[in-house]
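Heads up, the next two complexes both have subunit A, just with different partners, subunit B and then subunit C.
Take a look at the complex of A and B:
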């Protein structure tokens, strides 16, 4: 048995172990890799950077812990940016009833970090509200487009006095008369739920997407056609956003108009930055093992018969 | 139990569930099966409660029964017509009855009609702008430079605008590739008539190849996503649970 034969017979559990080690060890080294942000990520960041204090954003949070690696990182970067810019937001979910609880957990953790840094936490009711779960988002989105206030008026939140009141009475919706008053509709999703939002709300409100690597390629056509103002695609999208949020950013339009933005979160380094090095190494491992496996197939004594 | 201990207990349960589910990588075992079924049961149970509390209670039950007057808040009348939704919805379960399954078709027909009508509007909103965007210029307006000249370092808006107003050969080439891809892939899906032209057959074959290139790119992106999920779970087990949870608790 030659070397290549032995390579061919490596137990798959050994490969799993190597993969797990590759996916673990770099996590302890928080090293940022050089990066050029994608166009779609830049456009999304621009939409976030242009938001003003007191604006209201709706976030459709359609992810659970099953896609936490990408969507959790998207959502955390988004919430931290909105809090830093003092933008009010409303959460809405359509994909899974588990999604609102998962999103609230993340906001709770971010608030914990703010308290630890002697900063004011972002308060539910005053700064953000949870509109809850909508089982039929198609119908809800059609309703939102025609009369946003009517669709959400039955959704209740607890005010600081402990009373259950309609979310419309919260400061988040104080100046919102219609969907057009919402500055940005962000969809953070691990599914194709963004398709129905584009179909129902496109043209009525600027829509931004934060999606998994599975959905990203399919959704780039929406960005290309101007139906999405920006798109953070997978972990690369998170890394792009985190990098742009932490540094001063200059945008020059095609007409030559220049816009300068201060860093939203100076020096910020989140999950995207931590995971990106690890992801790069695991992909190198994947490519390496595919190449070695193919070489072993060619050079080993084993013959494989092609199916007819 | 203190709050910190409770949080550590929660983290430990989740970490054990993660390790239990990953144990299938070694071999199929009972621990994996246990956590798999526990997850399904928890998700199913949570979903039922959540649909009631987040949706049905406010949007259906409270509208049906109304509310009594409270301090400072007027009573809201209930609309009993909402009760009709219950027998209508239950019609769906007649799909299991061989004799009465025609009743379920009433509901299915209603849902199909509703969905199809909505799809008319959705189709155009979704694809209209994409069709418009696919009409791209393919002839360059300048040959001064093959690629778009860099605008980094330029401060004069008029100069930047002048550079961006042209279509450079590299951009035109990109548009040509996009157009060929679009047309060849569309031609691949012509099934209604028999295509005898050799050119068209080869053109649709090119469309098939380009589709496969697209699928390959999507598959690569999917693999990247799966790796990210693994990395996140490893981050959870080693950093969030072990380092920041267990070791920190042990070191006081």
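Take a look at the complex of A and C:
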């Protein structure tokens, strides 16, 4: 048995141990790595950077902890950016009944950080509202396009006086008459739920996506067609956004028009930055294992039968 | 909005004041009507069930079919007046959209209830009859009841005081229990389950992703280019090496960014578009068959 034979027969537990070490050890090092942002991430950043104080954004959040590494990081970066820009937002949850609680947890944690830094927390009712869970988002989206206010008028929130009132009376929806008044409809998801939002709401409101690396390729179709204003694809998308948001950014359009943006979150280093080293090393490990596996197949004495 | 629906919206179960007697009465009435309906359907003669299901399915679908096919009123407002019959239907379709969406969402809510009922029925029966692995059923039912109770009580406290979410120093024992069960256990187990996928991918990458044919070589080459394009370190090093050594527009074609971009834009998206068109056509055919009750087995005929 030569070296390559032994490599071919390596115990899978050894592979698993290498994977565990590669995925966990880098988490202890918060190291920013060189990066070239994707076009789709840049477009999403521009949509966020162009939002003005007092604008209202709807965030459809239907991720749970199965995709927390990517979607949790997306959601946190998005919420921190909106808070920094004082943009009001409304949460809409769909597909998983766990989604509203998971999203509220993240906002609670961010508010906890703000309070710890002696800053004002982002107040439910005044600054954001939770529209709750929509078991059939398809029908709700059609209804929103037709008459947003009618769809959400019965959704209640607690006002500062402790009274349950319609979300339409909150400052978040003060100037919103129709879906067209919403500046951005963001979908944070680990599923293909964004497909139905594109189908139902495209053209009525700018739609942005924050999706897992698995779903990203499928959605590039909509980004290429201009139906999505931007797309943060997987953990790389979060890292792209965090990098652009933490520094002054200059955008030069194809026509040569320059736009200068102040940092949205100066010096910010979020989960995307923290996890990117892990992603980098894990992907290198993945490429390495594919290459070594193929070399072992070629050089080992035990030839694998070619499939017919 | 049509006259009927405008009236319904003013005094429906959806608009009754929270915690009011009216609301509880309406809920009670809706519950009784629901029970009567279920009893009626249960005792309906078998030969009447099929036409009933066909009729309900058709009526349920016709609204959405008409919504897409019927001429839509432009710049519609609830005060607009239709000029003719076609516009009248168009106005009704447009005006009813909100109510229809609410009804569909309420039905969706019932499906969650149905899921809970079904789960409880299976596991409680297993528990009562002490069947094989009844202990796991006991754990499932116990966890479900505990999570429901703690979740509901926690929701009540945060409803009255939303700031509790980020003020752990003011938490009561209910909030702490919710934090332990939902954030501490359920969320972590959910994430842990999904992370197992990484081990399968690793094993598959090592043992199954092999260059055994021309097609698999192309697939492997493309996959490696796209994977490497996600690694900023590699992209920066590769692109700089290419562009610093060959100072021409042609060399730009061999940067990782350009190659991965070309693969994604020209190969991947066109392939996915073709797939989506196929899926869309298939879905349309399946939807039509379900709507018109042509599917064998869907309405009791096998």
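Just so it is clear, the second predicted complex is superposed on the first by the 302 of 308 C-alpha atoms of A that agree within 3 Å, B and C clash if a C-alpha of one lies under 4 Å from a C-alpha of the other, contacts with A are read in each partner's own complex, and residues count from 1 in each chain.
Here, contacts are C-beta pairs under 8 Å (C-beta built on N, C-alpha and C of every residue); 3 or more make two chains touch, one makes a residue touch a chain.
Predicted, not measured: the structure shown is a model, and the values here were computed from it.
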Item to complete: Check subunit A with both subunit B and subunit C modelled on it and let me know: fit or clash.
Response: clash
Practice prompt. With the two complexes superposed on chain A, say which partner A:135 touches: subunit B (first), subunit C (second), both, or neither.
Written response: both
Worksheet item: Is A:13 touching the first partner subunit B, the second partner subunit C, both, or neither of them?
Response: first
Practice prompt. Return first, second, both or neither, reflecting whether A:286 touches subunit B, subunit C, both chains, or no partner chain.
Written response: both
Discussion item. Between subunit B and subunit C, whom does A:217 touch in the aligned arrangement: first, second, both, or neither?
Written reply: both
Fill in: Which superposed partner A:158 touches (first subunit B, second subunit C, both, neither)
second
Worksheet entry | Partner chain in contact with A:23 - subunit B first, subunit C second, else both or neither | both
Fill in: Touched partner set for A:143, first subunit B, second subunit C, both or neither
second
Worksheet item: Given the touch rule stated above, what does A:2 touch, subunit B (first), subunit C (second), both, or neither?
Response: neither
Worksheet item: Now for A:121: first (subunit B), second (subunit C), both, or neither, which partner does it touch?
Response: second
Worksheet, complete the sentence: The only stretch of subunit C that collides with subunit B once the two complexes are overlaid, out of 7-15, 79-87, 151-159 or 205-213, is 7-15
Worksheet entry | Footprint overlap on subunit A, where subunit B in one structure and subunit C in the other make contact | 16, 19, 23, 66-69, 97-98, 101, 134-135, 142, 154, 156, 213, 217-218, 221, 224, 234, 279, 282-283, 286
Worksheet item: Given the complex with subunit A, which residues does subunit B contribute to the contact?
Response: 25-26, 43, 46-47, 50-51, 54-55, 58-59, 62-63, 118, 121-123, 125-126, 129-130, 132-133, 151, 154-161, 164, 214, 217-218, 221-225, 227-235, 238-239
Response to the item:
Listed in rising order, the residues of subunit A that touch subunit C in the complex are 12, 15-16, 19, 23, 33-36, 39, 64-69, 97-98, 101-102, 104-105, 107-109, 111-112, 115, 121, 123-125, 134-136, 139-140, 142-144, 146-147, 150-151, 154, 156, 158, 162, 164, 213, 217-218, 220-221, 224, 234, 236, 239, 276, 279-280, 282-287, 289-290, 292-294, 297, 304, 306-307
Practice prompt. Write out the stretch or stretches of subunit A touching subunit B in their complex.
Written response: 13, 16, 19-20, 23-24, 27-28, 66-70, 72-73, 96-98, 100-101, 132-135, 138, 142, 154-156, 195-196, 198-200, 202-203, 212-214, 216-218, 221-222, 224-227, 233-235, 252, 254-258, 271, 274-275, 278-279, 282-283, 286
Discussion item. For the complex, give me every residue of subunit C touching subunit A.
Written reply: 14-15, 18, 67, 94, 97-102, 104-105, 107-109, 111-112, 151, 159-160, 162-163, 165-168, 182-183, 187-188, 190-191, 193-194, 198-199, 201-203, 205-207, 209-213, 220, 224, 227-228, 230-236, 239, 257, 261, 264-265, 268-269, 272-273, 276
